[in-house]
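Only one structure is covered here, and it is reproduced in the block below.
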Amino acid sequence: MKAAHDRAIMSRYDFRKSGVKVVYAFMVACIVLISLSMLYPFVNTFLNSLKSTKEFFAFPAPFFPSKWLWGNYKESLTYLKIGMHFKNTIFIFAGNTFFSLTFLGLAAFSLSHLRVPFKKWVTLYFMSTLLIPSASYLIPNFLNLKELGVLNSYWAFWLPAGANAFFLLLLKNFFDGIHKELFESARIDGASEFRCFLNIAIPLSAPILITLILLGFASTWNDFYWSSLVMQEDKLPLAAAIYTKIIYPGSTINWNVRFAILSMTLLPPLVVFLFFQRYIIGGLSLGAVKG
Amino acid sequence: MKKSLLVSMLALVIVIAGCGSSNNSSPSSSNAASPKESTSAPAVESSKEASPSPANADPVSIIAYAFAADKTEENATLNAKIKRFEAKNPNVTITPKYWKYENTEIAIKMASNSAQTEFTTWATEGKLLSSKKWIIDLTDNLANWPYAKDLNEFALAPYIIEGKTYGIPIDAYGMTITINKKLFEQKGVPLPPLDWTWDELIEAAKAVNDPAKGIAGFIPMGKGTEAGWNWTNFLYSAGGEVQTVADGKVTAAFNSEAGLNALKFYKNLKDANVIPKNWALGYGDALTLFNQGRGAMVMCGSGNALDGAINQGGINKDDVLLYPIPSMTKGGKHVGVAGGNYKVINGLATKEQQKAAFDFVVDEYFTDAYLDSIDAQITSQKAKNQVYVPQLINYWNDSSDYGKKYEEILAKHDNVYKYSPELSKLMESKPEATYETQAYYGEMANAIQKVFTSKGDLDLQKILDDTAAKLQKGSFDKVKIE
Amino acid sequence: MELQLDSPIAKPGLRRRTRWYFWGMLFLIPEIVIFFIFLWVPIFKGVAYSFYNVDFISGNSFVGWQNYNEVLSNPDFYTAIQNTLVYMGLAVLLGFWVPIAMAIAVSELKWFQGPARIVGYLPSIIPAIVLYGMWQWFYDPVGPINSFLNYIGLPSFDFYSKEHAVFSLIILETWQNFGSATLIYIAGLAAIPRDLYEAAELDGAGVWARIRYVTLPSLKGLLLLLLVLQLIATSQAFQSQLLMFGGGPDNATLTYLLLTTREAFTYFNFGKASAMGVIMFIVLVVFSILTIKIRKGGDEA
């Protein structure tokens, strides 16, 4: 791992050239600027949650609250069982990740490295679903779940999570990059296809798997429309609970208190992202596979 | 990517929901302001005659329209009301369930039959919901209800469609203009007279206008259907109509002289530079700007903008004022759009459920229980340092005994907003169009945006004629009147 | 697969063939079933809807091609198509290279590389209400961007005008969405062996040359894939169009899917909305097949 991380595109040597230095400095400045713009809404939401109602709407808006009203947080907790809804979100996310990555992984592996009849048509069967906007079959989709009797249960999320052609495409693309010789030699050693998948393909694809986990997390975390239709009351995930109970049009909860709740919901994903990001490139230590 | 599909559905909701609410007397303020049907307190006597209890009828269970968790009092009074109703009607079981009416969700709710047996909706929805048969005709039920004749006719009007009644009013609004007095004082500008005209509005807007500081004189909504809704006030006050109905045919009528005047007025607003440069303001955006003190005037239903500004926007209650929609010329009428909240009965429920739901909805109409709940609400708002802003129009007639009792309760409290009697005298409200109203608002929004984003001269009559022609062909011609 | 010595043709027979395909099919069957139940069934129902007047109370009634006729005779339909194509083109032009550049830049960082990887992805967890409120303020005539322009002596920029609205949306969308593609590219960059760079450097290749001849070729498959996915995603865009401009001014930002959702959820014309979905599907499928054919033809030539 150490050796691999010693360099990327640029080496130590490159930094001795002043031209490279200037470009590098410019690049760092760009990243800093972008980072600041990305962090702004977080900081702003947090600071707004501590303002008084009057300050919240003041124009021009003061960046910092004149008095830090932590009481807004106390009040915000009276409107929502945050812990319970948070748990629901995590349940949905965990199940979604397990089901989607397991089944999509197997299918992508199969399309990439196994013998499949009519492979072209099978691939088309999956990929063409990307071409029809989901909004145009939203209602049949909902009725379908109802007929299956999975409304208001986690299965309504877990099973359809596997029907994701976008993830399938990405996984297949990454599996395609693994050399077939690796599997051949494993097969000669008597490994089953399942072992090949589990012990070779999965570890080598850790970066994309982690990336997909992160993508999946954000979409589960944000989805409030669909989940507010599928789930009821105590089963609602956090975003849906906030949407239906806190920021619904007509809410009389004060804006600073609403923002206190929103601020609290920004924290868990931040932690998850920071925790998982190190694994995006970590998995490759197994060995340079290509080349 | 793929994830964005679901994520984007969410976005759609926020916005459409926003538009919807705006077209229909911002549910926000009406929720805050009125305890609605979910009233409380004993006083069973008066309601007894309303619902004769069938002793040995078959059991029926219905679902009532509950409130969001932050409306603790409303939910408590609803539960109390359910208890009283169940005691009188032992065969009926009522479960409160929370789902707030949204026009982006009603379709799925109906498709899966998971909306409440009775629910609350807005004035604009009447035609749409009844034509889909998602709500039932209540004419017969009302005929057997002794208080039906006491309902406020004006409030009832939007739900009388082709002679049939589809909803029971909860409250109604007429459009007003809310003024931020403080901005006038800061500039040392006198307030316009209450009996004002279009020209006086523009003059006042010019006087408080300060684009360099980001302060606009007047904030018309320009994004989504609410843009058309706002503009229709000027169409009405110029004496115009949205559509005419004759011989079973709906014809666009807003491209008239009155319509031209109203659009000219918008053009003048733009040319005088008194509106925000950001024309893309939805209902919520416009009210936020107003709360921020970035605009001196905004158009909204009755006291809704004022309610939000005082109770959520942090504006002092003495700094906001209500004006009628200005008249086109001095001495003219101050006509604005009317709307409101309504109780409707789910078309998918069984006959028995529908009957029970109707009985439940009207059970405590015109009872002291309702008034007591308003009393309790005002008291609790007082504790939160808030001001109770009543609706201008309620389901009863103001001149009735019941209306007087209501006035007495309001008079007891010092945290009740008082409409100036002169305002009520000047204001005239006219219901929204009946057919394809949303389509009209949507098309009109385009015309308004054309005016707000173009420089130089525009052929306004042509813009109106084009809009009318498109709407006629695409929507009005397809209306079938029975 | 070409390495396999025995082929099903050489040893015919059903049992042989079954065994030949056993693992491949076993791994695929769960997904085939899941896609069928949760995507294809609803999609087919949606296609059926497009021929019906959808009515949940009295039952659907068959109307033949009426929904299609109405969709095709609506002038907004063509405006929406045009707007969507312009939007797709501009989004690719202005936005496609951003995540690539960001991914390469981040991978080169000496410090804070970990947090920098995910920083671009942060907007995906910001609630829409905060996000669009922020951009309205950024684009405000007295907001930070225009204040800055005025400060350095430039005239204000009207982000809301008819000409600029699409442009404003693309900045917003790029800012908001480049993070997910960046993550994918970073994962892709991580798979490029370092010795390739080492070797290239020894051969005297500069930094740019290494990016040009090592990095980008290694990502070729991924670039193409994400380009296709971006085209699909932008062809279905409507969220910020709706939230920032409501499709305006005067339909300047009315996209195809915005029109579709409007039909479905503002006017409750599910039949028409479904018809629009079907039309889009057919066009995209035909387009994809043509692209594949043309590319194949090119390869053979």
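First chain written, first letter: the chains are A, B and C, and each begins at residue 1.
By our rule, a contact is a pair of C-beta atoms (placed from the backbone, for glycine too) under 8 Å apart; a residue touches a chain by one contact, two chains touch by 3 or more.
All of these numbers come straight from a predicted model, not from anything done at the bench.
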Does B-C or A-C have more contacting C-beta pairs? A-C
What is the chain whose Cα centroid lies farthest from the Cα centroid of chain A? B
Whole-Å distance, chain B centre to chain C centre, using C-alpha means? 39
Whole-Å gap separating chain A and chain C, where each centre is the average of the chain's CA atoms: 16
Scan chain B for residues touching two or more other chains and write them down. 1-3, 5, 7, 10, 12, 107, 111, 214
If you look at chain A, which of its residues touch at least two other chains? 130, 133, 135, 138-139, 143, 165-166, 215, 218-219, 222
Where chain C touches two or more other chains at once, the residues are 129, 180, 229, 232, 236, 238, 261, 264, 270
Show me the residue ranges of chain A that touch chain B in the complex, using the header's touch definition. 52-61, 79-80, 130, 133-135, 138-139, 142-143, 146, 151, 164-167, 215-216, 218-219, 222-226, 229, 233, 243-246, 248-255
Going by the contact rule at the top, pick out the chain B residues touching chain C in the complex. 1-5, 7-8, 10-12, 14-16, 19, 103-104, 107, 110-111, 113, 128, 132-134, 211-214, 222-225, 227, 276-280, 282, 285, 347-348, 438-439, 442, 445-447, 449-450, 452-454, 470, 474
Flag every residue of chain C that touches chain A in the complex, lowest number first. 1, 3-4, 20-21, 23-25, 27-28, 30-32, 34-35, 37-43, 45-46, 49, 54, 102, 104-109, 114-127, 129-131, 134, 175, 180, 183-184, 186-198, 201, 207, 210-211, 214-215, 221-222, 225, 229, 232, 236, 238, 257, 260-261, 264, 270, 273-274, 276-278, 280-281, 284-285, 288
The residues of chain C that touch chain B in their complex are 55-58, 74-75, 128-129, 136, 139-142, 158, 160-162, 177, 180-181, 229-230, 232-233, 236-240, 242-246, 248-251, 261-262, 264-268, 270
If you look only at chain B, which of its residues touch chain A in the complex? 1-3, 5-7, 9-10, 12-13, 17-18, 20-21, 26-28, 30-32, 68-71, 98, 100, 102, 105, 107-108, 111-112, 214, 284, 288, 291-294, 311-315
